[in-house]
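Notes to accompany the following structure.
Chain naming follows the written order as A, B and C, and within any one chain the residues start at number 1.
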Amino acid sequence: MKNSLTIAGKELAGYFLQPVAYVVMTVFLLLGGFFFFALLRYFEVTLTAYAAMQNPEVLQKLNLNERVIEPMLHNLAIVLVILVPAITMRSFAEEKRTGTYELLLTAPIRTGEIVAGKFIAAAAFMLIMIGLAGMFPLILLAFGNPEIGVMFAGYLGLAFLAISFVSIGLFTSSLTQNQIIAAISCFGLLLLLFVISWPAQAGGSSFSDLLRYLSLPDHFAQMVTGIIDTRDIVYFLSLIFVALFLTQRSVESARWR
Amino acid sequence: MIEVKNLTKAYGNFVAIKDVSFKAESGSILGFLGPNGAGKTTTMRIITGYMPATAGTVLIDGLDIFSQSLEARRKIGYLPENPPLYPDMRVEAYLRFVAKLRDVPRAKIESALEHVLDVCGLTDMSHRICGQLSKGYRQRVGLAQALIHDPPVLVLDEPTIGLDPRQIHEIRGLIHNLSGNRTVVLSTHILPEVSQICDKVVIIADGRVVLEEYLKQLPAGTSLEDIFLTAITKEHHEDGATAEEKLEEVGAGHT
Amino acid sequence: MRRSAALYGILGLVLLSFGLVDYFISAGFRLFVWVNLAGGLFSIVLWITSSRSELSSITTGRSARYGANAAVYSIAFIGLLVAINYISSLHHTRLDLTTEKVYSLSSQSINVVKGLQKPLKLYGFFQGGENPSARELYETFAYYSPKLTYELVDPDKHPELAERFKVSTMGTTHLQYGGADSGEGTNVTDLTEESLTNAIIRATRSTKKVISFLDGHGEADPDDAEGTDGYGTIRKDLEGEGYEVRKLELARALAAEPRLLIADEVMAGLAENEIDEVLKTLFTLNDQGVTVVMIEHIMHAIMRFSRRLICMETGRIIADGAPQDVRRNPEVRRVYFGK
């Protein structure tokens, strides 16, 4: 455990010594801010339009969460599909390139500790980034009356999503020396998880149920609408565990191949 | 001490090393000599546990590197062919990191760090960023990380490669002073290195050991160079004479 | 040679996966599947035979053992996770954090759903077989009872279902209670919690209630519509209201799961212990929720049994109430006890 934390500490510090991390964070928060601003403006326009039309029914139904926070979170999820591979691509691939992989594998530490350390660092980075994006709900709270529970569930969903993305990124990075390959395969896998339920209408019913269950945006959407369901949590945790398990297997394989 | 027995490593049909065996005693320095591509690095990597052998065993102070991997690795300090430095880290931070990974007790890290910086001549460089160091200094940092946990076994893969003569001299002096009661194995293709600091030599060519001998017991008057050249061209001898026999021939011819 | 051998292997795997995926998607073995499976197998055989030496070194020795080990662990681990996910999808709890509890049902709806005795299936007929808000609504209901399941149907793809369930408008939900052949079910076109709950109530009530007539000794015959002694006219009236009527013996009465049992003078001519037997059975039935109307003049049986007693004389009701009170009624005493 101690070794995992040592590695995690070094990795996390390492993130901030490189420009990539800063670029990623900036892009994420900039886009988040843009979405927030655009959605909020549109909301305001809609609000005034319905107020002018003297339509109290619809006015009541207009919800800050539904119209601003939810779409923003969905958009940020898509942004993460592109940003996460950029962050994780170097985690193992870089080590192989600089020769420090040899250092880690010949040190008296378990491969599980290496994987855990890198995971903790990457997850922590994601949490920092998402935490910073929490400024948007705070702004809303200061000026409006959004539902706190729903926003909390939404951000929790985004955190789970980001951490599962990061695990998959670690996995693809462990498979290759080439960072570009690591990034592109991570991107491919993440995209696959987003579209996997598209053929669900065509198939027989239990197969399409399976596809629908595997669909990541479905689980994410549930949390964004304010429901914390154990099913969704189990799904995300499973994704994380499978990716980390496979990563550990992949790193371990150097020992016996 | 290190005991290597019948080590073989094959990649599909290509055999990198075959039946490599030798012994390195504690308190001595063993020179692992061979031309480029002979299989030196492969052997070093198997000894330190980075790669598994296809067949054969390695015992580090009696611990099998494959089945008792974790404990065996604790005993080894390893400088790979390319010093494993993190380009963005500062020297001091890097060495501290390695110290923690190698289970140096918390209280002793500072003193170990100071000692190793001193021994490797890095005291002025401790705040520099690894990626910005010259080749010579990088080699020294690599050596420092191999030493920081005071391991009983040291494996150094081409420790003086790419250094200028002054640096080479310094490093060799360093290594020579290290033996104490440690086991040191260093691999190289530079002959004077072996003759100057090693106690024992193992010559490897085309993946096979062709000679294992104490330097003191080599025929008097023969230069290591002759021995080396004879040994590595063994395959071209049609009578299948062994290196030892050839050595006698050469030795006899020189008197 | 080695490189092309590897290509065979890859080609083989690709073809095999084409075959497998198509099998699942088109749910059956078509020509496409067979061709791909055969081609895949052939390719793999080619690969094995042309790289035999490599494979033999791979499959023996340390690498192979650890490789096989790792593969087994991986499959076991993934299998475990699949099982966990499956179980979690069947048994899950959710926390609704919206302030309006939009995704939870009101307590009345929850009671209705939790009170379901038999499986209830919702069929949602929507354009293209998909409607996210309907799915969400059904899911909210399904959360409260494992007996409630749902399916979204595309009426264009399954017109026979639409016909069978008499669905004529898009956006209709059909509720089928107790299985596919247990009656016509209920249809509702509104997609709100309220209308769906009402539909469930209607669906669970529409099963035909059974009333059993117990054929004792000298009972009136429900099939006898002509004679003045017959229950025929009552039967016609009851049937007219949609109830079924059956002539039964006591044993068969229990099997029919009646909601209402009319026992007409079943005690007549029975010995003491037989009366006790009958009373015991009627008590049991009553405990199970069956309403029992006993037509008797064996007083002690009536007193023991009844919660409510109605006394009649020459076509008039002369008393109606708790047995103790009816007993003390002067009219009753005059008619029955001759006082």
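As a convention for this text, a contact is a pair of C-beta atoms (placed from the backbone, for glycine too) under 8 Å apart; a residue touches a chain by one contact, two chains touch by 3 or more.
Here the structure is a predicted model, which is why all the values come from computation and not from measurement.
Each step here moves to a touching chain, and the least such steps from chain A to chain B number 1.
Nearest to the global CA centroid, when each chain is reduced to the mean of its CA atoms, is chain A. Distance from the centre of chain B peaks at C, each centre being the average of the chain's Cα atoms. Here the CA centre of chain A is 45 Å from the CA centre of chain B. Distance between chain B and chain C, defined via averaged C-alpha coordinates, is recorded as 76 Å.
Chain A and chain C have CA centres that are 41 Å apart. Counting only residues that touch two or more partner chains, chain B has 52. Taken residue by residue, chain C touches two or more other chains at 62-63, whereas all remaining positions touch fewer.
Residue positions 255-257 of chain A are each in touch with at least two other chains.
Contact residues of chain A toward chain C in the complex are 147, 149-150, 152-153, 199, 201-205, 207, 213, 225-231, 234-235, 238, 241-242, 245-246, 249, 252-253, 255-257.
Interface residues of chain B, counted against chain A in their complex, comprise 45, 48-52, 69-71, 73-74, 76, 78, 80-89, 97-98, 100-103, 145. Per the touch definition, chain A reaches chain B in the complex via residues 2-3, 6-7, 10, 14, 17-18, 98-110, 254-257.
Listed in rising order, the residues of chain C touching chain A in the complex are 24-25, 27, 62-63, 66-67, 70, 73-74, 77-78, 81, 84-85, 88-89, 92-99, 102-103, 128-130, 151, 154.
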